[in-house]
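Same chain, two partners: chain A is paired with chain B first, then with chain C.
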Partner chain A sequence: MESILLFVVGILSIGAIYSILCLALNLEAGIDGLWDLGIVSFFGIGAYTYVLLTAPAAENHQHYLLGLGLPIWVGLAAAGLMGGVAALLIGVPSLRLKREYFLITTLAFAEVIRQIYANELWLTNGVAGIYGLNPPFSESLPPNARQVVIFALLSVAVAVTYLIVRSLCVSPFGRALKALRENEALAMTAGINPFAHHIRAFALAGALSGVAGAFYVWYNTLIIPGQFVADVTFFVWTALIIGGIGNNTGALVGGILFVLLHDALRFLPLSNDMAEVVSSVRTALVGVILILVLRWRPEGLLCERPARVRVRQG
Partner chain B sequence: MEIIVFGVISGCIILFGALGFSMTLKAEGFINVAHGQMLLLGAYLAFLFSSFGLPMVVATMLVMLCCGVCGVAIYRYLYRPVKSRGILVLLFTSVGVAYAINGIVGAVAGKRVLAYDLPPVRAMRLDGVPIMTVYELMIIGFALIAAIAIHVFLTSTWVGKSIRAVADNYDLARVRGFDPGHTSDYVWFIASALAGVAGVFSGIIGSLHLGMGWQQIIIILAATVLGGLGSIYGVMLASLLLGIGMELGIMVLPSNYRTGVAFLIIIAILFLRPEGLQSLWSPRTGARH
Partner chain C sequence: MLEVRDIHRSFGGVKAVDGVSLDVDAGRIVGLIGTNGAGKTTLFNVISGYLGADAGSVRFEGAAILGEKPHRVARRGMVRTFQTPVGFPRMTVLENMLVFLREHDTTIAPALFRRSVAGSISQAEAARAEEILRAFGLAAKRDIWVQDLGAPELKMLEFARTVMSDPKMLLLDEPAAGVNLALLDSLVETIFRLRDSGVTFLIVDHNLGFICRICDFIYAMADGRVISQGGPDEVVNNPAVIECYIGSASGSR
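Coming up: the complex of A and B.
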């Protein structure tokens, strides 16, 4: 019974992390119209920032920079900050490019950044990764209770992210983004500066993804470059498409739903050969679901609703 | 010298993949992410056929046929029905197709790294210096023939002309009596068959593993951007340059950065000259948006 509970908590935790990523992606790709295929860049940068700041200094057999052992709250803030700064640095040159070109550029940056984690031993300990990272409360709580506490924290984080993104959507800023998405030329005549708005949406999404990266480290207690491949970007997009692109509740539901679909089979006790087949079948399943959703319900489970505008009478 | 030779060989393999990719990009206007998985499918099918005892040449021919038919089927039943919904839906449908192919191949073939059972050969020598093996020479020869054949096909045959006409102006081509549905079938057949061959060749000089489709699509994307999105001749030149460039790049950078070099090239090109190499001979007003 307890193991089932822990399994469910584990799946929901990873689902919560995906929900945060989906909300971030929804802000830039659903509300604004940026086709970002590099969201994993900021996820990874956030995760590595968090590790390098909060992990103890590197021991003999490992090499990584810093290892300051700072408190987790500092790590989280820095993860968000670095995610945002990285998005700014990538966004300033890339946002001059449109659609396909922007998409290819962000994908390219994500791959270059991943290769940096994998090859710069002095910075990240390379493909061997960094192990034994203690999640918060690891001293004061038994391991099982710890997972539940992390899940509770993640739930709060999802709620906060949801509120942030939702209030941004209904703010003048969010409405300007929608205007740009629908008709950039018309929005410009209404006095909206496209670049200033796009870059802010991109950087905000980067910051949120960076924080999600730090949570991912809590969940995994280790960090390796293989966690930050382009698959993550495509999975987040898939989750957002399933949930409903442009709809924040859809993004939230999509993240959890995707992880349930993808990971529900993962903890079954299977022989090695079977596990290999099952993991391939899971990959195929993701593809088939994506094709079916786009074919029969391209707006996703929850479609974007037109914002209700209250007109003040008087 | 070795570096140049190896660069040319890998450039030729990129050429097969990128040629088909940019044909579909030009004809349909979307980035077909599943193209990389067509290479994977080709490589594994050739492994299957050669394990039946078929010689490699026959196996390659069969692979071309199978991949071509698969490509047409995927286009007809998966891409064409969602075509009216825009590029983003098409793009992510192709991501779905990519995962589906990758998963199916993985479930059947397993995750082990495989290699073709080819008789080992010694490198041919020129003035006593080893240059390349027979296989590698065949790859280069085949690439040359394919490039010329594609050129002749596109410029001199009715089908080739209709492909170009439909890609340039869909409505005008229809008015002039070309049948766009029919030409698309040819495009997808040729593009997928070429991808299958590219998969077989990259399996011959390297090995077969499940990640090869993703790896190749990245390099193909780089070649396509370098050549100018959708430009057939730009891509031919770009593939060779990229093949040599990547080999030269890893003289300066650690060899693990091989695909990283490809990506740095993409980023640099997009920032400096988004129209790619084709802008050298066909001045156009800005990139296609």
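Coming up: the complex of A and C.
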């Protein structure tokens, strides 16, 4: 019974991380119209930032920078900050490009960044990664309770992210983003500066993804470059499309649903041979679901709806 | 109010605008006519900041605005329209209006830290949008997506948006294109009403009847140059203009 509970908590924790990424992507690609194929960049930068700041100093057999052993909350904040700063740096040159050119540039940046994790041994210990990272509360709580607490914290993080993205959506800032998405030339006649708004949306999405990266380290207790390949970007896009692009609740549901589809089979007790087959099947399963959604519900399970504008009293 | 001096703009070897100067005084309705390819829309794009110019100057209320980005030009109170008034399709009619509310702060901080204010509009703002929408017959469509509107409603919404932005000057790009007669009348009425409230107009159109009916002063363009200027009667009866529109009087039989 307890193992089933832990299994569910594990799946939902990953689902929560994907929900945060989906909400971030929805802000930049669903509300604003930025086709970002590099969301994994900021996820990875957040994760590595967190590790380098909170891990103990590197021992002899490992090399990585810093290892300051700072408190987890500092690491979490820095992960968000660095995700946002990296997005700013990448956004300034690439946001001059439109649509498919922007898409290719962000994809390329993500790969460049992954090569840095993989090759700069002094910084990240390269492909070997950094192991044995103590998850938070590892001294104060037994392992099982710790997983539940981490899940609880992740739930709070999802709720806060949802609140942030939703508040932005219904504000004049969100309306300006939607206007740019819908008709950039016309939006400019309303005095909206396209670059200033795109870069803000991009940096915010980067910051939120960075925080998600730090949570991912909590969950995994290790970090390797292979966790931050382009697959993650495509998974998040798939999750958002299934959930409903442009709809924040859709993004939240899409993240969890995607992980249920993709990872539920991971925990089956299987022989090695079978495991190999099943791991291929699960990717195929996600592909089939994506095709079915695009065929019968092209706008996603929860599609974007006409917004109701609230009028305040007094 | 608007002074355009000796604007040149080429695309490759084609001189789309070749030394055009024009003036629009405050409170006037000035027309710009010419056949397809005469350079009207290029000139419009240069004035509104969507295109750079190779040479020349544009002054709006005394300030040099050539080279300014379109959103900056718009912030000065010079608002343009486009030939196809699609609006923001997947936003509601009301949202289309609110985007044009100048006073709204579109930065992030208020959205996050003053959520109750940023996430709503004041009663005064709602009333203003409501009043304009009612004037253009769109009040009932307030909460539907603009992509679900018909062509005449899109046209009306275009005017409603520009009124919402409270412009000093409007540049209208072919407002009468694809407009039926009944709608044309209400369009003319709207333009006059806005003029009376202090808005200055520069209007590009093919429709000579429409232009002559509303404009105080007309510029006619052909091959990137101004070939005639003056009151409606003067320009329409100018031989060079007639030649452009109908063909050469002597060349054809």
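Everything that follows uses one rule, which is that the second predicted complex is superposed on the first by the 309 of 314 C-alpha atoms of A that agree within 3 Å, B and C clash if a C-alpha of one lies under 4 Å from a C-alpha of the other, contacts with A are read in each partner's own complex, and residues count from 1 in each chain.
Here, contacts are C-beta pairs under 8 Å (C-beta built on N, C-alpha and C of every residue); 3 or more make two chains touch, one makes a residue touch a chain.
The structure displayed is predicted, hence computed values, not measured ones.
With both structures placed on the common chain, the touch criterion links A:K98 to chain B but leaves chain C unconnected.
Of the two partner chains placed by the overlay, only chain B lies in contact with A:V277; chain C stays clear of it.
Applying the stated contact rule after C-alpha superposition, one finds that A:A230 touches chain B and leaves chain C untouched. Of the two partner chains, chain B is the only one that A:A118 touches; chain C does not reach it.
Residue contacts after overlaying the shared chain place A:P298 against chain B, while chain C stays out of touching range. By the document's definition of touching, neither partner reaches A:A145: not chain B, not chain C. Once chain A of one complex is fitted onto chain A of the other, the partner contacts of A:W35 are limited to chain B, with no touch recorded for chain C. When the two structures are aligned on the shared chain, A:L89 is found in touch with neither chain B nor chain C.
Remark: chain A residues 35, 93, 97-101, 103-105, 107-109, 111-112, 115-116, 118-119, 230, 234, 237-238, 241, 273, 276-277, 279-291, 294-295, 298 touch chain B in the complex.
By the touch criterion stated above, chain C contacts chain A in their complex at residues 48, 50, 69-72, 74-75, 79-82, 86-92, 94-95, 98-102, 104-108, 110-112, 115-123, 126, 143-145, 161, 165.
Only residues 31, 78, 81-82, 85, 87-89, 91-93, 95-107, 110-111, 210, 214, 218, 221-222, 225, 229, 254, 256-257, 259-260, 263-264, 266-267, 270-271, 274, 287, 289 of chain B touch chain A when the two sit together in their complex. In the complex of the two chains, the chain A residues touching chain C come out as 164, 167-168, 170-176, 178-179, 182-183, 185-194, 197, 200, 204, 246, 304, 306-314.
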